[in-house]
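The structures come next, written out as structure tokens.
Both complexes below contain subunit A, partnered by subunit B and then by subunit C.
Now for the complex of A and B:
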């Protein structure tokens, strides 16, 4: 924090050739300009920066990521074959390297009152629909990667639901990364707004073709109106060489319900920030998480849940499986304001360590300023129970399979909160595959 | 089938099995009785290969193989089965998936074709009936939240499915109500055959009324101190263990 002008992210800020989406819209240009200033005034977080105490940016800074500057248009729908989940019937929106790819997307029939598609497209067609919504939930004092995303705000995914609009099938947002000649950073910006009483399921997937090196810095803002319901499955399976940053900024009005299931399997370095703000009473926010940190992989989760009004409920339930030299960070904060009586929060972080050299830093925090609340937190860091392993082996099951079964059993609690059976199978299978290739110690 | 000679084993640096001789022939049913803490479960665990037991002397051969050199799963694949005194809960591990993994692991190790989903389910339904178990148990996690009796029945159900050559039942009768005891005993008896042997560890004559043993042994302080026919169990029921201990000392 010493006002460094060049802070290592200049290349992320360089103006891409051509114009950014909505260039000339004063409100948007202003937002981007303010964000650029925020980036410059902040400097690069160090190990002394509270939010970055356990996570080093060194590996990321060593890379010279250039901005994605051209749309990839060579992909055909057939190229998605290995990526699609069998049996998952969805309204599909595909982004390639952060850009909306209409030729790969299958929006399907949408009921009245539901708009889906690319951010840039909507900014061109109907900027007023976005004016009071975009960049509102994320707020002003934006931390570095959010500010970087806002400064380069250009394309992404938008879902706008009018009052009482209900979508039966899930929306599937596929964020596909394709390797380029040089390492690139994509910074998609997503916006989901559910009007009062609207209901939807969003499946957000991060996948790659190949195991290339790139960076994703995505930001998603979600606003839920009164009584709105959103199930949100997030499945991060980036390339094993990728860097992944994602920030979710959630605003919930009275009696709305949100459930987010965060599955983190991919990327070599992944940081997820989940920020929830209750705007009305009796809202419920359920954050579930499952991460696998394999050898030399980092999975970093930061939760910031603010109970600023009374009678809201939140759940934070994260589980991790670590092996090799895998590392994970769970830094969860639930803050209950003085007036937020009858708040109900339970935070839990449980970790299963499969090796001696894996490491987890877990720091659940409750900051409670009201007196009539129900709040709890707990963490565990454990190993596979020898008697469980013996029980399985005594039935003829090999030690590696027995370990996998126990890990999947541990993970199952989170996997079962995903919205669709096809998805649960897909994730279980991937978790199983990852564990199969994991060294036993 | 099983021959144990001079077996000594330590747990946590303490000698628990202190020179145990024991053998089982094909089709035989042996009952092991003995006071709490005498080493019955330890013996069962050493035979099935649980970690944490240090064998310091003696040998155990099963089907001509050095049992003690094998991994637990290899012993199971050879046909050894332990019904646990305290079955382990496996939260999140689906019972059906578990049973299928177990059966197919054993079949595969024996070079036999694995069962597909349909024939597996058919087989499992058939075995469930024998033990009067509800099929809802199949959808649940292994032993998780099962009642004491359900856990014990689930052990015998697994035995029925895996069809071992030698089954060790460690106090399978404890915690069972009278009807359940009958069901379990019937299940065990249905599995008796001229090739299949059993070691039944129990404290009570009642189980042995149902499952009639060919031999009864008394284990005390890590040794078999008395062996006899099924009348020995009746004698023990009447007189307790003190009687043999005293005799043993006198001798």
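Now for the complex of A and C:
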């Protein structure tokens, strides 16, 4: 089997010219080597693989993406004008095709105890700061796309917060993709570590210049210390032709708080994996999600929340709007370990179908091994209630506008959990635009 | 609270129906090959088409891998160590009336609480009692015949109604369906056949009691129920099994066919031997049950109360092919000791305006493991499909597990699909409330658990509902949250 497997992703593994970041560091070279082996020894997932039951890799494999092998340096700060969100005041970190672009980034004044920047830069300057942190949270399991990312680990974004460090303004991480001569895959690797009591807001955005074809396979590891608080907004607006894969691996210590808002609007094929591990009691994890799957678009979400210690709380609330031949997959797992008493988990996935040929496959799962827990999940799939439409139309609102209003109302619950007003407006506007162009029936 | 000791009490409670009847059986030596399949067929004097069908299934079974996806754990089954045929002695001398029945057998039924002599007096239930593999007693055949209803063992049906068998057997669960269905098709020993003609409302509730008896004998029952247009039938299935040391395989297949406007109600109380406190010796219950709502406005309803078996692996399903057809699944499953249950349902919406309801209640105690695994699929032409699913788990003790794995696939926008699941324990508040009103802890628990299951018990025929409640309270004696 090995031969077949490697073929599909061999081009992702090809080493770029020059040296990978931190080459010569034994621990890092080892991690990359092990990951490379993991890629080669595991098969390409098929519909028989439980995690890929509803998601086909065929389209992705047909593309034969090559690794990004050169940094784009021709961009000027002015080129970002259309991308920046008016009124959003942030510490800005820009990556172009997966590479840290210092000339476009505006880090601003950082308080003591906060380090932001490119992974490669930090690996050169202070590798010991990363040694025991990189690739620790994602763990040994290394599913295919995580292993691919680790095997090619070269650049990305790093935020290190010392104990009690607090950043008032949000960090804005912009993944900018620019079309190249042939389709390329960028595999940025990010690390966010918040020490005990540290607090931050991270806004992670995926955007593109033009509607080109490319692939992003990003991995983000987040470690929250005791009492740390992180608000994390992720807004995926990749090019309409892009493939988007992202894995988020989260580790939470005692009494830490994480709130993640996942907005998925772009890409023709997008898969998001969110993996949460509680390391200490009384931690809270709140995952919100909104996705729009338009014609021939696939939005695929996989949640894996493990309550391995007692007294933690998790919320998973995902909503989707589908039209045209849009497809959505929601596969959520909440697992409560033996003795993880007083765990509290609630998972919900609600879908609004606007067209005849849309499809939703949803699989909210619970694995409970302790008795004193509060766990629930709920799922709905439905269309806009005719009564609601009638109500609005009877008040003189046209049918298309009424539908849009109802959809925006449905989406609003998630949008309002975003951290900044400017961001909420930006997302609402884009959702509105998408719905306006949607062939509603 | 005394939950730890209470749970120990449950685990320690002896299996009430654990006794073995001493009857000499004519049993094939263990092992399975084409010769055995042919021999079973020959012993039963089956026509050529049946032998061929069995062989086809056997050959297909050889090509299939043993399924491993269910969340259950057990030592690998050695299919060559199982005997595939056992019949009570004197098969040529099948009893014609109650008088001819072996008194030891009758005594067994009495111990099980099914006094055949009193059947007629009992609330209109005809019993086709299956003792091991060959049906030995059938009652009420005549009054059913007057209504035109055929109710007989499947071996008899193969002889007497070969065209009906040829037409319907395997049409809902083909021999290629899954590993255990293929095995069953190859070696099925006996079972029940029910045929309700057009427009007939079956005058009584039909019932079969199964009982595994001879040691080391896999039981491979096959049930086929056909309800023609506009007919109605309610079928009751219940099982108990005597205590023994080795695990026993039970791989049954049940096929239901409902034509236009027909309704089939299938109720099960399953109380096979669950194994001892170490989980040793219980029954492996790997069952394929599927109903086909073939006609418009047809309805199939599954109700099950699962308290026994070491391992339960079954998913009574409905294919909603006819427009406006209805599928229902009501289930209570109890696992205690080391019992494992992986159960649920599939509702496949194909026709227009089809609707389905799933209510699943799982109770896990001791070191029991419980998994709800279900599929709701709303096909691209299933306009106006509706589904409501409710899965609740009740955990008693901190060593048990409850999993919920629902699969929901929706391909039509007019679908109205709702799924809810909760996991909880008996709360101290609830207990305190009941106890402050003078109830003992045990009664309070029993009351709360019965309340938890009420939605399902309400669907059972009256006689079964009584038995089910009794079973439940025996199962959970002394359990405190």
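Rule of thumb we're sticking to: the second predicted complex is superposed on the first by the 435 of 441 C-alpha atoms of A that agree within 3 Å, B and C clash if a C-alpha of one lies under 4 Å from a C-alpha of the other, contacts with A are read in each partner's own complex, and residues count from 1 in each chain.
Keep in mind that, in the parts below, a contact is a pair of C-beta atoms (placed from the backbone, for glycine too) under 8 Å apart; a residue touches a chain by one contact, two chains touch by 3 or more.
Computed from a prediction, not measured in an experiment: that's the story for all the values here.
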Partner chain in contact with A:360 - subunit B first, subunit C second, else both or neither: second
Touching partner for A:401 - first (subunit B), second (subunit C), both, neither: first
Partner chain(s) touched by A:369 [first = subunit B, second = subunit C, both, neither]: second
Contacts of A:33 with subunit B and subunit C, given as first, second, both or neither: neither
Subunit B versus subunit C, judged by how many residues of subunit A each one touches: C
First (subunit B), second (subunit C), both or neither touched by A:378: second
Subunit B versus subunit C as contact partner of A:351, first or second or both or neither: second
First, second, both or neither for A:388, with subunit B first and subunit C second: first
Residue ranges of subunit C touching subunit A (in the complex, touch as defined): 378, 380, 393, 395-425, 481
Interface residues, subunit A side, partner subunit C - complex: 54, 338-339, 341, 351, 353-383
Touching residues on subunit A, where the partner in the complex is subunit B: 385-388, 390-399, 401-402, 405-406, 408-413
List of subunit B residues in touch with subunit A within their complex: 48-52, 71-73, 75-77, 81-82, 84, 87-88, 90-94, 97-98, 101-103, 105-106, 109, 141, 158, 162
